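The first chain written gets the first letter, and so on, giving A, B, C and D; residue counts start at 1 in each chain.
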């Protein structure tokens, strides 16, 4: 692809201004991506406007509208939803402002995309479980907030692995809304009804994974149940190191953030840029956790 | 059932029970066209319950109600109103946030050619006409919440009589208004009679009953006692029918007061409400505060009690100048106030009689913040006996009491705080004759104990019968300070209208 | 000039107007971008959804009730409308009609339970909030419904004579709701029921019917808001609208509607909704960092209402 | 036996008790696992946080107020406590004390604004909800604070004589709150203020002081709940507690506390909280799919209160 070079002249000697809207600044991983964007921006001398969409696609669309009205040079969006955040892309492109999606996708094609595919992260996590259990066993799955893009995609990835391993049985699945306390209560209740039958728990994020670990440890069952989750937040890495959490999936916030900003700057300056940058996930287990614990 | 053709309303064997109370037991009533029929009875006799059933606000357990030739069965208010019954409620049922005109026409709004489109101009004009005809000077666009209790009462009256009803129920319509307005109401009643309207009239003011009623029905503890033409009855007979015993000499003898001034008010002024009010009350003295509706008596009381601020002037208590900022301070200083607005300022409906009675004096019944229920119970039971509060027990909720008994609970509460001076604002409002007698005795007891009493009342006989001296207010200014020996009803009225 | 002054004085009665003007002027001084036509077009478009919900809940609050199920009703109606709004299926009136009707049905159900059972509105509508969220997920199988027709999306994104369609809807319904509340018998009854339910009953008003009406109306407006939202994000999103109820109730109360019932105006509510929208827009324009945004947002809203209450005392 | 019957009859006055028993029996029949000691230990432990919040907000609602900032107070106090609870720093009393005090401070601020400015509690505490959330994020820089000392985590995960510590805290505070409400002068005043504020004023009660007391108390209990939550999940989470306020208020109202003030009991609130906990536990035990869980949850809560209101009519 190629960016337009109009903005460069229009900008004259002024600092380049980029609007950034993030999915949720209450999510540790997203905060990290945002921090990396800011770090890079400082390095490159770019002025940023960072706003929090608080998980609302509507709010996100409105924020992009506002960026357009402010005539920013480019927009970086960490989409809340695949479909519902798409109008933001369309509107930005219609206003001839380049837009870079970071971390996750929208159905409308942006100027560029930097991130990873959530489906893949769940595949990695579930594959680990399948491997550990020898393709046979009873599994519980904790969903994120129902209907959100990340929940849908992570469920999709997990279900693919279930399909490939007919002897893996999904005992039960419920939402714990990405929340550690809710996950802990849910796990406690599950221990009551499924007790000794459970072989593994797949939680769609680390917060919930940690909640499950807490409940299992308190019930004295942790050593009999494998728990795997996604995101590789510091708490989860510590837990993997201690061996309480069996594995997590690392998503590279540093690369996603830095790369997104670099791409946006390239576009504005009219330089050549990658239309799609996929940053791979990595499985984190006790064996390799040290490399992530910097 | 045998029905006479000229009867407007016939009630047969009406009964109604609440939990623990038989409020009405086999009650009968016949109301003719153009008749004023008084329903009499002590507080809690069941009068309001009876009227609410007629109105469709409560459903009876058994019995029949005939309106002309039709039986009223399971009729709700909407239907009874349409069939031609309307009611002035004892506990003022108004919407404070709506205007006078909107309240008067509530439920039967004036509309233009679209049946749902309001025509406020029309209803304002109509309301204005009605109020003018009643001689009441209130703008139809005033919000109800800005009216005094008395003015609200006049609006309620206007609402009931503007309905073109065949039967109008008046449940204590005069308890909150002064003689001038009572006269207006009676004139209206006469006109209504002439038009063939039947009126059910409830009041605890005896002289009113004999002045306007044609027939009197008496209830006692929910029992039907009897019906007689008013001309066949005199006051003592009626009272003994109601009370079941005789009461003579309503007002106890006035004992001379002491010389020590308890409360002294100097040139108290609240801009636009009252100005230069100056009086003193001595130990054991009753100072009567007379005046017409809107004279500002309540406002003066509220200012002294710390409910409203005042702009200038001075209040002295036992020789000390005080600046009362809140009722809490007033009570601590020894001032007690029984409000005329019983429902608004008097009691906590959801609490028990006992909890209400001790509310202003709770620290006396507590150790280190801990309530001693036994001490409360003793006091509550004693007060209930002293004031003859009719209830199933001290644990009954005040919201379930009859109006008069609620008033007694409020008085008990104020007295419990052991004040040096009590301001009683319409203390016998809605109180039956027997209880009135008890409250008069109580006022006498208070003065005997050396308590100073300021009594605001719109009933001149009460003012004359109990006060040592009488202060008359008119339009926020004091116009006379009379001694009881020289004062007469006419004199007071003259100063009140000045 | 005089009439403008007089009129703005008149507006002063609508609670928060003074504070609103002060905040707008402040923002205009700090950031010249704020007072542009394009920015205000954005603000009002953004406010339209919350305002519609707030109008509905204003009726409810005036009767002394509350509706916590607004956000879920938005989700359900959005999902229902979206599932009927694919291109080349039904004419656009079908998703709109059925969407609004599903809001009406949920509102009526709220009203029915509240009037028949005497269960507090807080519990009934809180229950409906949970039920509605579940329904939206069931109906959509937990997935966003996209690929909607252009004519449907026009509701959220189109313009007529340069005015965005949501603003037109907002204006129309503001006028309709104001007229209903101020000029019709039902409006009068709504005030009466909230002002003194006993008095309303004693005046022959069928209180339950009035309550049914307001909850149903509120549901219908939520349905409309749901359609607007869906068209705006061109997707029926089962998790949309979470927390909208609090914003809508806040707009009503900021605008002077009392939770104890009996008072409130649509103008006040509109200003309340605009105030929230303006603050949120302003904080984004000034690039206040997101954590501090929340602190400042909360503080300004409280501050504005405090200012207003002082103002009214005078 | 007789006394047990008499006592359970007495409990009947606490709103929802009958419906609660019916639901428990139903669950016991469907799933034998439900009536085990271990399951009830879990239910009550899970309920403890919501119950503490609900006790606090019961005081507030009885005075006729509301507190929407509970969830945010939980987050702030949790973050504050966690940041002081790392191993080998301060003795465990410090994070507990400072945590509770930060709740007290926020509650007192709510009370102060409400009493001084006459702004409706709904707006003040809604503002505080936003402010608190922002504060929690600022204090924690948006990241969970973990690595807490074992003695601190004991509060959430430890047991004394086989009884989980949260249950002990629940029991102690249930007794304290009941005594405060029923046996002290302040408790009486709380009822009076909610029952008729004007009459309370005229009876010499300093209404503002009473309101200050309840909001402060509510903040303190929220602080405690925040510490309990933090110790339970062994992390200070800035986004913890979102939506807790609605659950707590629901528990109080289900238990018979009226939003118009003047009535309510701690026993009722406790049963309300248990009811919510039992339904949530039961739905998990029965493995109801998550979309339907929400529908069933909402329906059962409404149903229980409807049942109760019919019961009371008789």
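The working rule: a residue touches a chain if its C-beta (ideal position, glycine included) is under 8 Å from a C-beta of that chain, and two chains touch if they have at least 3 such contacts.
Chains and their UniProt names: B = Inositol transport system ATP-binding protein; C, D = Inositol transport system permease protein.
Fair warning: this is a prediction, and the values are worked out from it, not measured in the lab.
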Chain-contact steps, minimal, separating chain D from chain B: 1
Whole-Å separation of chain centres (CA-atom averages), chain A against chain D: 33
Mean-CA-position distance for chain D and chain C (Å): 30
Euclidean distance of C-alpha centroids - chain A vs chain B, Å: 71
Set of chain A residues in contact with two or more other chains: 25, 146
Set of chain D residues in contact with two or more other chains: 137, 142, 290-291, 293
Residue numbers of chain B (touch at least two other chains): none
Each pair of chains that touches, named by its two labels: A-C, A-D, B-C, B-D, C-D
Residue ranges of chain D in contact with chain C within the complex: 66, 68, 113, 117-120, 122-124, 126-135, 137-138, 142, 246, 249-250, 253-254, 258-260, 290-299, 301-302, 305-306, 309-310
Residues of chain B defined as touching chain C within the complex: 55, 57, 76-78, 81-82, 87, 89, 93-98, 102, 106-109, 111, 115-118, 159
Residues on chain D engaged by chain A in the complex (per definition of touch): 31, 33, 36, 38-39, 42, 45-46, 49, 137, 141-144, 146-147, 157, 229, 232-235, 237-240, 280-281, 284-285, 287, 290-291, 293
Parts of chain A lying in touch with chain D, wherever the complex brings them together: 25-28, 31, 143, 146, 172-175, 179-181, 184-186, 188-190, 192-193, 207, 210-211, 214, 218, 233-235, 238
Complex interface listing, chain C residues touching chain B: 182-188, 191-192, 194-196, 198-206, 262-263
